[in-house]
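Each structure below appears as C-alpha cells.
You will see two complexes here that share chain A, one where it goes with chain B and one where it goes with chain C.
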Partner chain A sequence: MSLLRMSWQAALALILMIVALFNLPLVDQPVGLDAPATAMTTTFLAWLILMAAIGVDALPRPAITRAAALFVLTHLATYLLMTEIADGDGLDRLSFFLMIAASWLIAWRCVTLLSGIEVRTPFASALLRLLIPAIFGAWIVILWEAATRGAGIPFIILPPPSAIGVRIAGSVAILWADVQQTILKAVVFGYVVGCASGFVIAILADRISFLRRGLMPIGNLMSALPIVGVAPIMVMWFGFDWQSKAAVVIVMTFFPMLVNTVAGLSASGAMERDLMRSYASGYWQTLAKLRLPAAMPFIFNALKINSTLALIGAIVAEFFGTPIVGMGFRISTEIGRMNVDMVWAEIAVAALAGSVFYGIVALAERLTTFWHPSNRQG
Partner chain B sequence: MQKESLVRHRILPVMAIVLIIVLAWYAGAYFMNAPFQRDLDRRANVTSTPVEFLQKTMAQPKPVVPAPHQVMQNLFENTVMRSLTSNRSLVYHGWVTLSSTMVGFAAGTLLGMLIAIGIVHVKTLDRSLMPWIIASQMVPILAVAPMVIVVLGAINITGLIPKAFISTYLSFFPVAVGMVKGLRSPELIQLDLMRTYNATAAQTFWKLRLPASIPYLFTSMKVAIAASLVGAIVGELPTGAVAGLGSKLLAGSYYSQTIDMWAALIAGSILAALLVALVGIIERIVEKSRGGRPA
Partner chain C sequence: MNESSFSVVSAKKLGLTFQTSDGPVHALSNVDLDVKRGDFVSFIGPSGCGKTTFLRVIADLEKATAGEITVNGMTPEEARKSRSYGYVFQAPALYPWRTIEKNIALPLEIMGHSKMERASRVARTLDLVNLTGFSKKYPWQLSGGMQQRASIARALAFDADLLLMDEPFGALDEIVRDHLNEQLLKLWARTRKTICFVTHSIPEAVYLSTKIVVMSPRPGRVTDIIDSTLPKERPLEIRETPEFLAIAHRVREGLRAGHSYEE
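Let's turn to the complex of A and B:
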C-alpha cells in the first residue's frame, strides 16, 4: 500500500541506494591507512538514514512534518557521506555518487513538499521563501564539493568550495584592502556621480523637448553598446588609480539612468496631470509631487541595473592597469600565478558585495515605493 | 494636435546632438593633445601659428584623444581598403567576435527559454531556481572572464567556445526573465478557456503561452544580443587572444595605438547597433507572419 504513495524522487532514490549496496565500499581505502571498520559503520549509518527518509516520505503524515523529517535525515546522511571523502581525494567509487544522488533526490522531494505547503502568516511565508532557495543553493555547493573532491577534478580547473572557504578565512586582510580600493572608492564614487548626472540630464531633457528628442535615440543606442570597452581609454586619461575606474563606472551607469528616468517621467497618467493643472501647480511642483514619485519604479530599475554594471566596470577597468591592490588586479595576477582558490575567493567576495549592493537598493525601493502594485502584499 | 514631422521632430534633434558631440570631441582632442604638441614644438624650436598648431594637434600619430576624422580614416582604411583575411582588417576581427557572439547568443537564448519553460511548469523550480538566477547575475562574470578563459584553456578548450560560454552566461538571464514574464502573460480568462477545451498542458503551451510570449522574447533578445557582444569582446581581452575586437582593444592599449583602439571601439558599437537592428527586423517579420499589426 505504502508503495503507491511513493513519490518518483523517493522511488528513484530507493533504486539508486539498492544499486549502491552492491558496489560497496564507498571509497577505495589506501591499504593500511585507515580503519575500514569505522568507514563501513558510517556508510551503513548513512544508508539506513536515507532508507528511513524514504520510509518517512511514504507515511500518512502532513506535508510539513514529512518535509521537516526529510530535511533533517537527508542532510545528516549527506554529512556522514562527506566525512567519508575527507581524506580520500579522487578515490571514490560509483556507490558514493549513487548515495549522494539519492540524498539529493530526497532533498528535492523535501523542497517539493515545502513548495506545496500553504501558509497563512506572513512570517512563515517569508521563511519558506528563504528556505527553499537556501536548500537549492546548499545543494549546489554540496554537489560541487562532492564532484571536485570525490572525482578528483584538478584543483586548477575547479577548487572545492571548502578550499575556497579556507582561503577566504586566511586572507581577510588582502580581500578587505581590495574591497576598499575597488568598491568603496571606485564603485561608490562612480555609481553616485553616474546615477546623479544621468538623473539631472534626464530632468533637463524632460524640460527641453528638443534635447529629449535628440538624446533619447542616442541614449537607447548607447545602452546597447559595449561601453566597458572605454576602460583602456579611461585608464590612459586618468591614470592607474581609482579615478580612472570611477570614470568607467560613471560612463557605464549614466545611460541606463538617463533612459529609465526619461521613460519614468512620462509614466504618470493624463488624468493625474490634469488634476495637478487644475490645482494650478507649476512644473516643479508637478515634478516633485506627481511625476517623480510615479517615475520611482523606473528609477529604481536603473539603480538595480547599475549596481551590477558598476561592479563589472570597475573590475574590468583594473585589467588595464592598477596600483597593486584591487579586485581586478588580484584576479588577473593570481590567475597568472595559478592560485585559483584566491581568484574564486575574490569572485565570492564580489558576488557577496554585488548581492549586498543590490539588496540595499531593493530595500530602499521597498521603503519608498511601497504603494506600487508590484510591491503590495496580498 | 499637430502632426509629428519626421524631419523636424526626429532627425533634426538627433543631428543636432550628434553635431554637438562631434564638436565637443574635437574640442576635447585639441585640449588633451595640446600640452604634448606644445612640448614637441618647444623641443624642435618651432613656432607655429594657431591654425597650424590646431592642425598639428589633430594629426598626431599617437594622440591622447584622436580627432574624429582620424578615427574615421582608420576605420575606413581597416575595413574597406584591406583584404578581408588581413590581420589588420577590422572586418576580420569583427567576424571573429561576431561568430562567438552568435554561438553564445544562440546557446543563451535556448538555455533561457528552457529555464523559463521549466519555471513556468514546475512549481519546485519556480520557488527554488528563480532567486538563484537573479543571484547568478551578481557574479561579475565579465570580471572573471579571464579566469574562465584560462581554466577552460587548461583543459584544452580554446578558441571560440570559452568566449561563447561567457556570452551564454550573460545572455541567458534576460531571455529567461523575459520569457517567464511572457509565458505568464496570458490572462486567467484565456487559460480558463483552454481548460474548457480540455486542452493538455502541452496544447496550452503551444497554442496560448508560446504565442503570447513572443513579444517579450524579442524584447529580451535585443538586450541579450547586446550583452553577448560585450561578453565576447571582454572574453577576448585576457591571455593574449590573437584575434577579435577585444584583442584589438588590448593591443591598442599596450602599444598606445589610440587611433586603433578608438576604431575598434567604434567598430564594436556599429556591430552592436547592427545586431540589435537585425533582431528588430526579425521581430517585425515574425509579427507580420503571425498577423500582428504595426503599433
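Let's turn to the complex of A and C:
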C-alpha cells in the first residue's frame, strides 16, 4: 500500500480526520452535565472505522471488494456519529462536521468505484443502476439530517428528515385519504380525460383544416391561462369536490397533448408518405400504420409533461376551496398551523407519487418507442 | 396485340412545369417514350434532368401538366389505385417500428390480404432477395445494402408487374452496389417484371438495361434512347468487353451533347 494509490477523496478525508482529532469532543455538553463515559468511546470507534476505510481504499484489491468494504465501513461510522449527536441538537462542534464530511467523501469514493465497474449480467447492471443513485440520495438525506440537527436549524425553517419520517409513519391514514382524494380521483380522471381529448381533437384538427386554423390559436390562448385564475372559476362551476380539480387538470393537460400530437402527425417523412400513396392507402390506414407510430415519441413527450402538470394542477387547485381532505388542502391548512413536518410529509408523498407516475409513463414509452434512435439497444 | 409489344408505359409529348416563386420550372418537356412489357429501362442524366420526376409521374406522385401518359393502358391515377406498380425509393424507407417481415407485409395489410397469404408471400419475397433468416430483425439492425434489399422485397410482395426504382443503390458503396446489380438482374430474369430504373451511373445503366434513356436538364427532355445489344446473360465481367464499352461511350456522348454550359 502506498500513498500514491490513494484517491483524492480518501486523501482529503484523511486530512479532515486529522484536523477533527484535535477538535474533540464532537458535542458541547450543556452546562452542568458531565459527558457520558460512552461518548468518547463511540467517537473513537467511528474515527477508527473511517481511518480503516481510508486504508482499505489504498489496498491492491479489486474495485468491487473495496467498494463493498467502503460502503459498509462509512455507513457504520455515519450511524455511530448520528447516534452520538442524538441529544445534542445545535451543540455540535467543528469535529462532528469534519467527520461527517469525511464519511461523505468516502461514500463518494465508493460510488466512484461502483461507477467504474464493468458488469456482464443484466441483473448486476440493473442492481448497479439502482444502487448508485440510492447511495447518492441517501447521502442527501444524511447531510440534511446532520446539518439541521447538528447546527440546530429551527424546525419551522427546515425540519430534519427523521422528524418528517416519523410524521409520515404516524399519519398514514390521513396521507392515504389525501392521496385518494387528490391523485386517485382528481389527477387520474383529469389526466386521462385531458390527454384523451387533446389527442382526439388533434386528429380532428388534422382531418379538418378549418379546425386546425381556428382551434390552434384558441388552444394557445388556453395554455396561457393562469392556473390560479382558472381554479376558483372551476370551483364555482363544478363544486368543492374533486370534480373541479379534475377540470383544472383537464384544462392544463389538454393543450400540451394537442400541440404535441399535431406536431407528431407531421413527423413522418415525405418518402414514407409517398410510399403509402403508392399503395393507394386510405387516410385512416396511413394514420394507423404510419403517422401515429411516427408520432409516438411526441405523444409520449406530452404524456410525460402532463404527468407532472396534472399533479401540480390538482394540488394548487385545492387551495381555492375543497372538502376537508386532499393534499393541497392539507398543505395550506397545516402551514397555517405551523405544522411544517406535515407539509413536508405531503411534499414527500407528492414527490413519490409524481415519480411513480412519471416512471410508469416512461416505462410505457420504452416499450412502445423502442425503435426510436434514443431508445435503441443492439 | 401480342405479349411482348404491349406498352406498359406510354408517354406522348409529356410535359411538367412546377410553379415556383422564382417563376415556372420546366421539369419535363416533350417526352415521348414507350416501355414494353419485360423491358429493363434505365433513365440516366445529370441531376435536374427530370428522370426522377418522370418516374414520379408514372407513379402518380406528380401530375403531368402537358401531353399524355398511360400506365398499363390506364391513367397513372387509375394505375396507382389498382396497385399496378411497386416503387423503390432512394432510401429504404422501412418503418423502424416494424420487423423486416412486418415491413414487407405492410402493402399486403393495406391491400387486405389474409394472414396466411401474407406469411407465404413474405417468405417467398424474402427468399427472392436472399434475406431469409432476417425476418424478425428490425431495419436498424441491418446494413444499408440489406435494408435496400428488404425495400425491394416490399415492392415485390404484392406482385405488381411494373417495378419503379429511383436510384435505389445510390447511397451504397461500389462493392455492395455491384453485388446488388447482379442480384437485381437475376431477380428480373426470374420474375419477368418490367423495370424502370433511375440512375446517374453509366456502368450501372449499361450493365442492367435492355433500353437506356439519356436525359438532359433545363428543360428535362430525352436526348437519346439506346437499345442494348448485350446478351441477356450478363456476368459482371461483361463490363470489360468492347461491346459494353461502346454502349457506355454512346451514353457518355449523349450526356455530353445534352449538357449546357450556360449555367
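Methods note: the second predicted complex is superposed on the first by the 350 of 378 C-alpha atoms of A that agree within 3 Å, B and C clash if a C-alpha of one lies under 4 Å from a C-alpha of the other, contacts with A are read in each partner's own complex, and residues count from 1 in each chain.
In this text, a residue touches a chain if its C-beta (ideal position, glycine included) is under 8 Å from a C-beta of that chain, and two chains touch if they have at least 3 such contacts.
If you're wondering where the values come from, they're calculated on a predicted model, not measured in any experiment.
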Exercise. Which partner, once the models are overlaid, touches more of chain A's residues, chain C or chain B?
Worked result: B
For this session: Scan A:16 for contacts with chain B and chain C and give back first, second, both or neither.
Result: neither
Exercise. If you stack the two complexes on chain A, which partner ends up touching A:248: first (chain B), second (chain C), both, or neither?
Worked result: neither
For this session: Quick one: classify A:351 as touching chain B (first), chain C (second), both or neither.
Result: first
For this session: Figure out whether A:99 sits in contact with chain B (first) or chain C (second), or with both, or with neither.
Result: neither
Exercise. Should A:289 be classified as contacting the first partner (chain B), the second (chain C), both, or neither?
Worked result: second
For this session: Mind working out whether A:111 is in touch with chain B, chain C, both or neither, as first, second, both or neither?
Result: first
Exercise. Between chain B (first) and chain C (second), which does A:215 come into contact with in this model arrangement: first, second, both, or neither?
Worked result: first
Problem set entry | Sites on chain A touched by chain C in the complex | 269, 271-272, 274-281, 285, 289-290, 293, 296, 369, 371-373, 376, 378
Problem set entry | Residues of chain B touching chain A in the complex | 9-10, 13-18, 21, 32, 64, 123-124, 126-132, 135, 137-140, 142-144, 146-147, 150-151, 154-155, 222-223, 226, 229-230, 233-234, 237-238, 246, 249-250, 252-253, 256, 258, 261-262, 264-265, 268-269, 272-273, 276
Problem set entry | chain C - residues contacting chain A, complex | 59-61, 80-83, 85-87, 89-91, 93, 95-97, 106-107, 109-111, 138, 140-141
Seminar exercise, completed: chain A residues touching chain B in their complex are 108, 111-112, 114-116, 129, 132-133, 135-137, 140, 154, 156-158, 210-215, 217-218, 221, 223-226, 228-230, 232-233, 235-237, 308, 311-312, 315-316, 319-320, 327-328, 331-332, 335, 340, 343, 346-347, 350-351, 354-355, 358
